[in-house]
Amino acid sequence: MKVGVFICHCGNNIAGTVDVARVAEETRKIPGVAYAINYMYTCSEPGQDQIKDAIKKYDLDRIVVAACSPRMHELTFRRTVEKAGLNRYYFEMANIREHCSWIGEDRELNTNKAMEAVRAAVAKVMQDKPLYSSSFAVNKRVLVIGGGVAGMQAALDCADGGHEVVLVEKSPSVGGMMARLDKTFPTIDCSICILGPKMVDVAQHDLIKLYAYSEVEEVKGYVGNYQIKIRKKATYVDWTKCTGCGECMEKCPSKDAYDSFNFGVAPTKAINIPFPQAIPKKAKIDPTYCRQFTKGKCGVCAKICPTKAINYEMEDEIVTEEVGAIVVASGYGLLDIEKMGEYGGGRYPDVITAIQYERLLNASGPTSGHIVRPSDHEEPKTVVFVSCCGSRDKSIGVPYCSNFCCMYIAKQAILTKDHMPDSQSYVFYMDIRSPGKGYDEFTRRAQEEYGTKYIRGRVSRIFPKGKKMVVRGADTLLGTTVEIEADLVVLANAVTAAPGAPQLAEKLHISYDTNAFYVESHPKLRPVETNTSGVFLAGCAQGPKDIPASVGQGSAAAAKVLSMLSKDFLENDPAIAQVNQNACVGCLKCVKTCPFQAIVEEELRGGKVVAKVIQTVCAGCGVCTSTCPCGAIQLQHFTDNQLLAEVNALCLS
Amino acid sequence: MADKDYAYYPGCSLEGTGSAYDASIRLVMQALGVEVKEPHDWSCCGSTPAHAVDHLLAGALAARNLVLVQKMGLKGVSAPCPSCFSALKTAHYRMAKSKAFKDEVNELLDVPYEGTVDVRSTLQFIYENIGVEEVARPVKLALPNMKVAPYYGCILNRPPEIAQFDDPENPVSMDNLISAVGVEVVDYAFKMECCGAAFGVPRKDMVNKLTHKVLSMAIEAGANCIAVACPLCQQNLDLRQAQVNAAMGSSFNIPVLYFSQIMGLTYGFTPKELGIDKGVVDPGNLIETGPIVPKEVEKPKKTKAAAKEAS
Amino acid sequence: MPELAGKELRIVGFLCNWCSYGGADTAGVGRFKQPTDLRIIRVPCSGRIDPLFVVKALINGADGVLVSGCHPRDCHYSDGNYYARRRLEMLKQFLPFMGIDGKRFHYTWVSASEGQRWQKVVTDFTRQVHGIGPLHEKKEAAK
Amino acid sequence: MRVINLSTTSDASFIEQVKKESGQDPAECYQCGNCTAGCPYTEFFDYPVSMIMRLIQAGQKDTVLNSKAIWLCATCETCTTRCPCEVDVAHVMDTLRNIAYREGRYTEKDIKTFYEAFLTSLKNNGRIYELGILMGYKAKTLHLLADADLGPNVLVKRLIHFQPNKIEGRDEVQRIFKRFAEKRDNEKRDNQKRDHHG
Amino acid sequence: MNAQELRKAAKEVLPSVDVVIGQRAGFDPLHAEPCFATKPEDVDDFIASPLCVHNLASYLPSLKGKKVAVVVKGCDSRTVVQFLEEGLIKRENVTVIGVPCSGIISVKKVLERVSHEPIQSISFDNETVTVKTNKREEKIPLLEVAPGKCTTCQYPNPLIFDVLVGQKLEPRGSAEAVYDDIREFETKSLEERKEYWEKTLGRCIRCYACRNACPLCVCQESCIAETRDPHWMSQKDDPKEKMTFHMIHAIHLAGRCTECGECERVCPMDIPLGQLKKKINMGMKELYDYVPGINPEEKPPMYVFKVEEDKIEEHELS
């Protein structure tokens, strides 16, 4: 065995606090090391060439690079050694930068530590085995979860790329939050006017199969070969017959149903089509309000429906779809303002949320765009906007900024003035966050052209006084408490993860952060990938973001899907578990603990029962290896012997 | 149902200005069949002046009393006065949280505090350990004229980490107790805005303004009587009403009763027994009792915490 | 020589690739200074860490062993750290029975973003191990 | 307006002291102003609460410890309850008052006198004797007529009793005060020694 | 215990199984040996007495695929249950003949008691053992020559059985007292414990009898103490390697060991190996509220988890 070791200076990053020449010198004494040298920038092209040349010149068969973190350059160097004809797994990195030169102050100790790291890496590389990927066929259909603007964008881009798309939307219509907005910042263009055509495209695209009012029930399989169970929730209306004429909604006698599309700003009918531009434009019965369900008799809609589409006996239906890639665009939720006791916690009718206000502003909303106070339906003259309602408030568990509230508050303030020129708006803010193109100018316009009064401080208390709501906040620039007697208070309540986000993540085997937003593979370089290959992210499911960013991410996720599906076969990572059938005693404890159900029981000829790894499902965690009492199942590249070699190198000397 | 075997720490105010609070609580407890166990030879909790001057001294003065309860072998202690409650509970909380602080405090004491005593306000004790159902049982009479605005003051349930009782922004315990004995309650926004009582002696200017705000909000909401659970609040809102009127040009004349006095009235005790005559503002016909008129039982209001749990 | 005699003790760390190894990288990028005693072995997941590796290290020369994985709920492989927690806790309770101070072995959770937490874990654990002293007789390092 | 030279006047040891004694990190405050907004006393303060927090962050020891605000805070806990950064602001105010008291800075003398009258009564009797405190306070502040308008009412209604209620364990309470005084004296001496050597 | 009843029961079971495993008299009066009965006359050799020290359940996994009936004491039955928990045997293939047991003998203790004089006969009456040697006759209370597990036995009655032979008995002593010996050992200092184990385990000759006798050591010839891949241990005669081996054995049995005592019984060097496993079991009970071999429906704690563990707290660094 001839190991070559390359010790990188990383300019002064390593050489500054580690005596790299001495490390090389000591490394040469390690048995098995045939060649060791230190070099300025090993990852540079000449640096890599040096490795390739040395492999040929000295007939090296294993390579160690002592440099930065393997999370940084492991792949780079694997490719290098591969180009020089070695198996890419005959390579190890010793991290002497992040874990050594950057954190230790004493040159002598650092140098010693670097030598130790090299010794462990050499011990490991000498135990390394060549590994080879195997390939498997890819199903070229795509599942998109969530029919908001991000999901629709991803679905359309994938479909335009020639792949069949299964789009699953939880609510009865696609459109998401954007469909509820009146106007969008900073252009003040009508939200549904720009979104509507996209929704129609989704409905009419030959390659898009839309499941509205449906949810993902179960996800099985692995990248390239997923089996998805989808629950089509009972609508009690046969959508193959419903024409969306709206007759039923008009005649329905149950008028107090909660309107989730309008966030309860006004009631709706028990049978309803959520909004005029809905896609699909189909009616659905809400059984908690429908008299047929609550009282057992009514049947008005069934009687008048011209196509006889009503079916009170309908039940949920489970369908299965097979896909190769998944885009998760499941959107966001909003903080329940009951958590804000000092703002009345939802007890005062004239303290509303911004999305409710959006519905009041909207011409197709329940008030036809007329702004009225919920308590007495009078037009408010003084409107106070409270930003950071829950956001950046770790005391209620939302430590982050909700990203786009500053902008929509400015928009709503502008629209308020447009609707009611004699009104006065106030905005309580902590910081105005407006870093997008044309955004800061927009918030300035709200103040300069529309006379919105911005007050720098948080609101501490909102309480009623006669017909008014008193908003007591601080003006920290004035250095005192201020009070405003408002007719209407609009809370910019925090953006939260969508309800049920953790459960969906568990089904998909993707990680979510403490706030239940989904975690991308790398915050900068892999922003739409997840740690589960084949599953991609778009929109607010990954974190609060505005419309352009969501659309951008939808397209980015689609691009990732398209590039993945451009191949007919995918290669698996060979660093997965492997069973030594001779050693396996068939106790099958590994089957019990595998988090991915990647291990199954196999009966050999002669009746011996052993464990068997499904290569494509195994994710390479190694739980099985530490479960197996006899070491018969080994995670490749992290086998017991490989890790023991490192332990022994560090301990037994 | 939680344990009812708690000590009762009246505190200095209830021996003086708040004697009517003490008397009414003892009567209410008697009607509810709960024995009042006063720790022998209790001392002052230290109140605001102690913690304003030094946390360690404050901790030790309070902890001496917790040690007395510890010696009685009881699970906990209830204190009617929020100031005492806060002093005792804060001492307990900080000693539980920091061993260093606990050791320092115990160095000052003859007998160390082991950290085992559950401290509650007497309001919390009645509300949680006895419960609204039991509280409704001894009711004999109605108070048809009374419309009560419960005033909680600042520290009965604040800060929530320490007080661990009711909702810190919209408390409902006193509302529910008074409703439970059949008396009408009005909701208003200043249930817990500070009335400034702590500075009643040295800074009357501040107190007048703050008290004025609280009283006007309650009256605006339609109340003709204020219920309190604090001897300092009672003194401040009642005794100083004339001072407030003089300073602020108002003409308030609203009686301020302890919640326990209101409960006592419905249990059939006389105003004199309950010390209602010790108040400055005459309650007049508000305390006239009448026969109970059965009405639909209102559901108790939910606290935020309970609502959250339910969802 | 494995540790600089007199200045260091021998501490072996097992870190999961996705969270804690990344957290240690983050600490490095942030230049958060740490004691140098720790030697890190990278594993894909804390669930890969057989308690026997810890035993092996402690019996054969390590004075302390540190294991760190993703926080519960954050495991890259969704469940690996839950198994690790059970197994390592078992070991933690068993070691003192054999006469090995349980404080020589610590397991914890550090995410890839928690550079400062990593610095604190390393600093505190190193101090803790130094507080107990060496587990093995130290041979004079041959210079 | 005063110009503050942050290079020369920011007292890092003061920030550290507040942090240590209160157990709260002033750096966690991001100056949203919620405490100031909710504080019932803002109108009486010379510096609103959020500005006291800012002054601590800026290490302005004298301005903070000489402020009226720290004496006028009634520890009503509104700020603590609503602080989005989970800073126990009321406890910080209390700590500042403790430090100011120890250093002999009493910007609101009447309040300090009232506290002392209260604690003296406590020390002497083990319990509080309201009339005694009032008398002691009036004698010291010379506000002899304070609350005189209340007098007849109070006396008539017998709210205040005329005899102090002394407890048996008075000496135990006095021992608390004694040990406390000794402890603080020793600390002071140690600090002086250290300063001297340092 | 009554041998007649046992033989009767075994004969009734025999036609429906391939083999009935019991114990019969061994090569000397003190020893019994396993007896694999396939014919009714084999059953006539069965004995039932404190001499029946073998845990016969150990044979079950190796007889996979056969219909087997096995005679078990209370403690042995836990092994059966544990096999079921781990899916190592199929319930329908096993017929359990349960025998309540008031204690067995420790051959080593008996021999010590009679100073290793050759034994001519041994008999049992209630809980008294009468031993005749070539020099004398001695009556000894059974518990004085019983293995440690019997003195605090909580499971005198089989926990699982198809046929029960004999009357059910009461547990011996309180459940808390079971771990008294462990707690007492833990009053020693860390240094004393380390020294004790170094010395005690130093006696080990690495014969692997403990492992071979252990019913739950599923690996047997694949045991990582002897394999090259993975290469956990060298064959060097070194105290560290001995310590490593016994810790491997104990840790592999975490949440699995039913404390049948076979490892100690067979150890030629008289090493109290059961203590290591017992200590870990104590932790399993405290941490996961789990006792091995009690409930066939349970899952051993090392192969499951809870997202929120009830008893595990984050460890603070000092």
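Per-chain numbering from 1; labels A, B, C, D and E assigned in written order.
Just so it is clear, a residue touches a chain if its C-beta (ideal position, glycine included) is under 8 Å from a C-beta of that chain, and two chains touch if they have at least 3 such contacts.
Not measured: the values here are computed from a predicted model.
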Inset, instruction - Identify the chains adjacent to both subunit B and subunit E in the sense defined at the top. - result: A
Inset, instruction - Compare the CA centroid of subunit D with every other chain's and tell me the farthest one. - result: E
Legend entry - Distance-maximising chain from subunit A - centres being C-alpha averages: E
Inset, instruction - Could you grab the centroid distance between subunit A and subunit E? Build each centroid from C-alpha atoms only and quote it in angstrom. - result: 53
Inset, instruction - Could you give the separation in Å between the centres of subunit C and subunit E, each centre being the mean of its C-alpha atoms? - result: 36
Inset, instruction - Between subunit A and subunit D, tell me the centre distance in angstrom, where each centre is the average of that chain's C-alpha atoms. - result: 49
Inset, instruction - Provide the C-alpha centroid distance between subunit B and subunit D, rounded to the nearest whole angstrom. - result: 24
Legend entry - Junction residues of subunit C - those touching two or more other chains: 51, 56, 60, 73, 79, 83, 87
Legend entry - Residue numbers of subunit D (touch at least two other chains): 43, 78
Legend entry - Junction residues of subunit A - those touching two or more other chains: 342, 593, 627, 640, 644
Inset, instruction - All pairs of touching chains, please: list them by chain label. - result: A-B, A-C, A-D, A-E, B-D, C-E
Legend entry - subunit B-facing residues of subunit A, complex: 336, 338-339, 341-342, 345, 347, 463-466, 470
Inset, instruction - Over in the complex, which subunit A residues touch subunit E? Could you list them? - result: 580, 583-585, 587-589, 592-593, 607, 627, 629-632, 634, 639-641, 644
Legend entry - subunit A to subunit D touching residues, read off their complex: 342, 388, 392-396, 430, 456-461, 472-476, 479-482
Legend entry - subunit B-facing residues of subunit D, complex: 21, 23, 40-41, 43-44, 72, 74-78, 80-81, 88, 90, 94-95, 97-98, 101-102, 108, 110-111, 113-116, 118-119, 122, 126-131, 133-134, 137, 141, 146-147, 149-150, 153-154, 157-161, 165, 167-169, 172-173, 175-177, 179-180, 183-184
Inset, instruction - Give every residue of subunit B touching subunit A within the complex, in rising order. - result: 167-170, 189-190, 217, 220, 304, 307-308, 311
